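To keep things simple, chains are lettered A, B, C and D as they appear, and every chain counts its residues starting from 1.
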Amino acid sequence: MTGVRGARGVLLTFAVLALAGCADKQNTLAPASKQEGRISTLFWIMMAGAWIGFAIIVGLLVLGWVNRRREGLPGGGGERAATRIVIVMGVFVPIVLLSTLFVYSNIFVVKSTAAPPPGTTVRTLGVVGHQWFWEVRYPGTEAVTANEIHIPVNTRVNVVATTDDVIHSFWVPQLNRKIDMIPGRENRVLLAADRTGVFRGECAEFCGLQHAHMSMQVVAEPVAKFKRWLANMARPAPAPTSSDERRGREVFLSKACSGCHTVRGTDAAGKIGPDLTHVASRSTLAALTIPNTRDYLFRWIHDPQQFKEGVKMPSLHLTDSEVNALVAYLRSLK
Amino acid sequence: MAVDVRAPEHPRVQRLEQVWEERPGILGWLTTVDHKRIGLLYFFTTLAFFGAGGIEALLIRTQLAQPESKVLAPDTFNELFTTHGVTMIFLFVIPMTTGAFGNYLVPLMIGSRDMAFPRMNALSYWLFLGSGIFIYIGLFMGFGPNAGWFDYVPLALRHFNPGPNVDFYALGLILNGVSSTLAAINFIVTIFKLRAPGMSLNRMPLFCFAMLAVSLALIFALPALTIDLVFLELSRKVGFQFFIPGNGGDPLLWQHLFWLFAHPEVYIIVLPAFGIATSIIPTFAKRRMIAFPLVALAELLVAFIGFGVWAHHMFATGLPTITLVFFAAATLMVVIPSTIQVYAWTMTVSAGRPEFRAPLLFIGGFIVFFVMGGLSGIMFAAIPFDQATTDTYFVVAHFHFIIFGAAVFPILGGMYYWFPKVTGRLYHEGLAQLSFWLAFVGTALTFFPMHIVGLIGMPRRVYTYPHGLGWDSYNLIETIGSYILAAGLLLVAFNLIYSRFSGAPAGPDPFHGGTLEWTIPSPPPHYNFAVIPTVSSAYPNWDEPDRAVDAGKLERGELTYEAGHETPTSTVRDGVFDEVVDMPSESPWPVTLAFFAALALVMVLISHYAIAGIFLLLVLFSLAGWHWKEPQEA
Amino acid sequence: MSVIRSMHAPPGRADRHRIARPNGWWGVVVFIATEATLFGTIFGSYFYLRFRTAAWPPKGIPDPAVTVPAILTAVLVATSLVVQLAFWAGRAGRVRAAQWLLVLALIVQGAYFGIQMHLFLDDLDKFSPSGSAYASIYFTMLGAHHAHVVFGMFLELFLVLRLVAGLTNYRLIGLQATTFYWHFVNVLALCVLATQIYAAL
Amino acid sequence: MSVARQSKGVEFLQWFGLLGAAIVWTAQLIVGFGVTVADCSVAGAGWNIDVDTWQIVLMAIGVPLAVVSEVAALLIFSETRGLHHNDPPPWGRRHFFAAAAVWGNLLFIAIILLSGIGAIYNTPCQGS
């Protein structure tokens, strides 16, 4: 491992500087789990090999240029010698190296990073892909949320990835490989963060107009904190306290909102948009398209299309006061 | 030597001129069956599509130059990247390498006077043209294909994609597939049967081995795509259930069939490039290829093993590992034919006295980029790593190094290399080398950073990306690179156009190439060879005694066949002289048939099935008319 | 070397006798190869879909008929012999015989096609191709094969008409190619039948 | 044994040496892949297919056959040692293909082994 790190420093100055220099939010090579750690090690090993192979070929070409005035190989020798090199370097060496790679990656690494069979982990959670947001369910509880996945740190969580419409791909680069969400199939991927933090993920399979705005974040937190969060998520929405909030709820239930959104504890049980029971507890709106602030929420409700052209949520042409009331209500859904 | 063969004033040569001459003017081009003219038609058409695809690429890069930019609306972006892929693969690289290079060169390299089925050759071109126009009409009507070039269902089904966009894609590609199939059949039979006497399989130029491999791959790969597209259209138009899980269908069926075609496709794209490289390297290294038999087999092996790797495009679909390992194993081993070739090329360069003129420079660039793309390709055979990086810009970088670096660079090199043969004039060397360096730097700048930006998490096919993920600077570099690259390509175009009119006369053999096309005048006469050459090695132009003997035959009228519109055939394995066959002359039917076929698909597109049926009858009718006139009546 | 050249130099252009298969033969063989792959893909899809469905055919869809298709296929396969005879007759220069044998084949195949069409439409009334993946692949497979039968009949019809004007080298090769094509279509017929009735076994 | 018969035998050896291993691998891929798909799908689950046995059998048949075709290539190669690959056919052509197939067949042997081993050592029907 350390040897590899050393080698990488030598071989990869360009890439390494680049990788070190950048934000790590979605970096496959900044692992936050054993699984992703193994995968990035696999990468660095292949990368080292690749640069060596590349150097050999470029070197040969340069030699050919240096030697352009003389017949025969630089080190002397003609057809036979050259053919021997082709056979050794072109057939034998690669067969050995590639077979080794096969065994290492496709038998060992693949096993040690694979999704566990159902029911073998402490926790299972369901993520359902929608055009274009992520519905997150915690089996065994009422909790339903969207685009923000909380998991306990140092715990193996089995994610069951399914889709409600087209093919999406669930991918949290710092935690594990990606897994496609395919109609009619139940795929799994293992999340097991070995440190607390927020890890960004994004839909990796082209899923239509707003494929670019289908991100999510995984929050890995201490078990106690996670349990508190989950308990709150499982509760129905808090009742409105101020008059504004009450009016907001009226608007929410009377206008089209409730046709698409669910707020548990009210009559709103729409299934098309994200569950808003605890929307105020989330840090972003529209699958990480905009931050979840009073101002943005206001503009979003006014005209969602300006942020996410083609999103299913229409502009309901509400008056400013109605929107203000809605904002007040939604911001109260902690 | 060969010069005598071309004595134009000789009565036999004049007779050949009369026999093989075709009608001049636009009508001549519409009815031509001359493989050289058809090759040129392919060449200019594919260049036009290359331009279109390039503009699409520049628009895409411009949109992605900065985060959150609004140059293109999302739907436009999706149509552009889909059409870019479809254009570059189906309307540029494949028709350019097989249609243009293959058509023009294969008969010249094997010493024949035309392809085995000249009229079918014309038909392939007209069908190809039809498919291209078909797809682009869609784009200009605002219905460009918009579900990605691999068009995954259910996104491509009517429920999620109600417009005709995907229908333009599917029907256009069916037509394109028919065209490629016919072309492939033609190449296989031509290479099997029309080789000059003495050209046994072991004396066949490597370019022809590449074209043979490509054609065989097409023959067995295209049906999968055709069936897949038929399934798709039946699902979209009349609600068949192949892909609907609820009713026993499976979206992955589409992916299996698509990649069963589309991975061999990748090798179909690069194989002719190998062929071009193996033509250019010996000429400028002034020696025969090292490990010739191994390289020949390697070309066939790539095409063959390419059929056993398709599911490595589906590693992230959750298929059982025990299914995936088969494809991972093949994916690793398919690398080896390429390593063989890469070492054979570099060894030939080292062992010879290479003269680094523009064509060889482009091949040098090709080797560098091909190795780079190949090495990142190996990584995708490691299932866990593939699942980490698939559908990211790391993949985009990989396949652009292969498709642009490894397929288009040899095409550019080949354009320079055979330009004197086709036009009779020399290109401008200085400009050519400048264009190489521009293209080389441009390619590296455009595609290398994509590796990094992919590794740090940028998925492919996003029309925009947020600031603050560390992607901005790389994307900007890529965009700058793409413009440099475009400049390089424009310089190539300028050089060729300029040299076409004011280049120095080239003579029959400016580079002293090894294969038969260099034994005849530039541009080649309609009949290609006054005396059908008799061959005793894979580099006949370097066997001067043989050529001298050929020259003598003109007087004696041996192997000249000036009596009729004829060319000799030989046995498949050992190139033993077999019989003389009458070659058909120009015919109006291929273009007519293609026209009706295209109209039939238009009718399917707008769901007028009865009228489509009528056009299909007209297709059969044209087929009958076509065969009513038989070659010997020419 | 010299050996080879003497071997290749033909005695003038008159030499027409052939020591290997003609281009047309190779052309149709390669064409058949790609067609076979096409049907291979269909059969592959059929069984892929079958693996993914517990009940085959699914509930509510009748088992495919066995006897009638089997008999029909047997009849169709028999025409292979007739077409082959036509080719032999043609090669022996007996043009009229070739013509009449082709006509005979055409009549039998026409009858076959007629009955198959009837069964096809009959099935369409029983269950819709847009009802299940089974129905979709079932009708697609049969439709594809029927289309090939029609194309084969078109080729024969064309030859019958051409042979009126006598026999040429070109037409003889055409006849040989068509014969080949029919053998292929009939092999397909057997594979299609096997796949089709598999659901009833 | 007449010359014609003998040359037929040699001819067969050359083509078998060239294509044998390739065909064997194709068979292994189709059957091996098919078996895994069948076993891991809705209907197939009920047919309790023993994937490992299948894979072992496939390897046990495939590897020897591939080796035989390698031997065939070697035989032709040694038979034609000293010829140049551009020499007149048929022997020049036989040398040409044998010289290449000797190395090419190694790939197919490798693929057959790796696929089999991979399929056996990984857990049946575990999503990946």
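Quick note on the criterion: a residue touches a chain if its C-beta (ideal position, glycine included) is under 8 Å from a C-beta of that chain, and two chains touch if they have at least 3 such contacts.
Bear in mind the structure is a predicted one, so any value in this text is a computation, not a measurement.
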item	value
Between A-B and A-D, the pair with more C-beta contacts	A-B
Of all other chains, the one whose Cα centre sits farthest from subunit B	A
Subunit A and subunit C: spacing of chain centres that average the CA atoms, whole Å	52
Chain centre separation in whole Å, for subunit D relative to subunit A (CA means)	41
Geometric centre distance via CA averages, subunit B-subunit A, whole Å	37
Chain centre separation (subunit B, subunit C; CA means) in Å	31
For subunit B, residues contacting two or more additional chains	250, 294, 318, 321, 324-325, 328-329, 332-333, 336, 340, 383, 387, 536
Subunit A residues counted as touching two or more neighbouring chains	87, 91, 95, 99, 102, 106, 110, 114, 179, 187-188
For subunit C, residues that touch 2 or more chains besides their own	1, 4, 48, 52-53
Every chain pair meeting the contact rule	A-B, A-D, B-C, B-D, C-D
Residue numbers on subunit D that touch subunit A, as the complex places them	103, 106-107, 110, 114, 117-118, 121-123, 126-128
Complex contact set, residues of subunit B against subunit D	200-203, 292-294, 296-298, 301, 304-305, 307-308, 315, 318-326, 328-330, 332-333, 336-337, 340, 383, 387, 536-538, 573-575
Complex contacts: residues of subunit C adjacent to subunit D	1, 3-4, 47-48, 50-54, 56
Subunit C-facing residues of subunit D, complex	34, 37-38, 41-44, 46, 88
Interface residues, subunit B side, partner subunit C - complex	116-117, 181, 184-185, 188-189, 192-194, 197-198, 219-220, 222-224, 226-227, 230-231, 234-235, 238-242, 244, 247-250, 253, 256-257, 260, 534, 536, 549, 558-559, 561, 563-564, 566, 568-572, 576-582, 620, 623-624, 627-628, 630-632
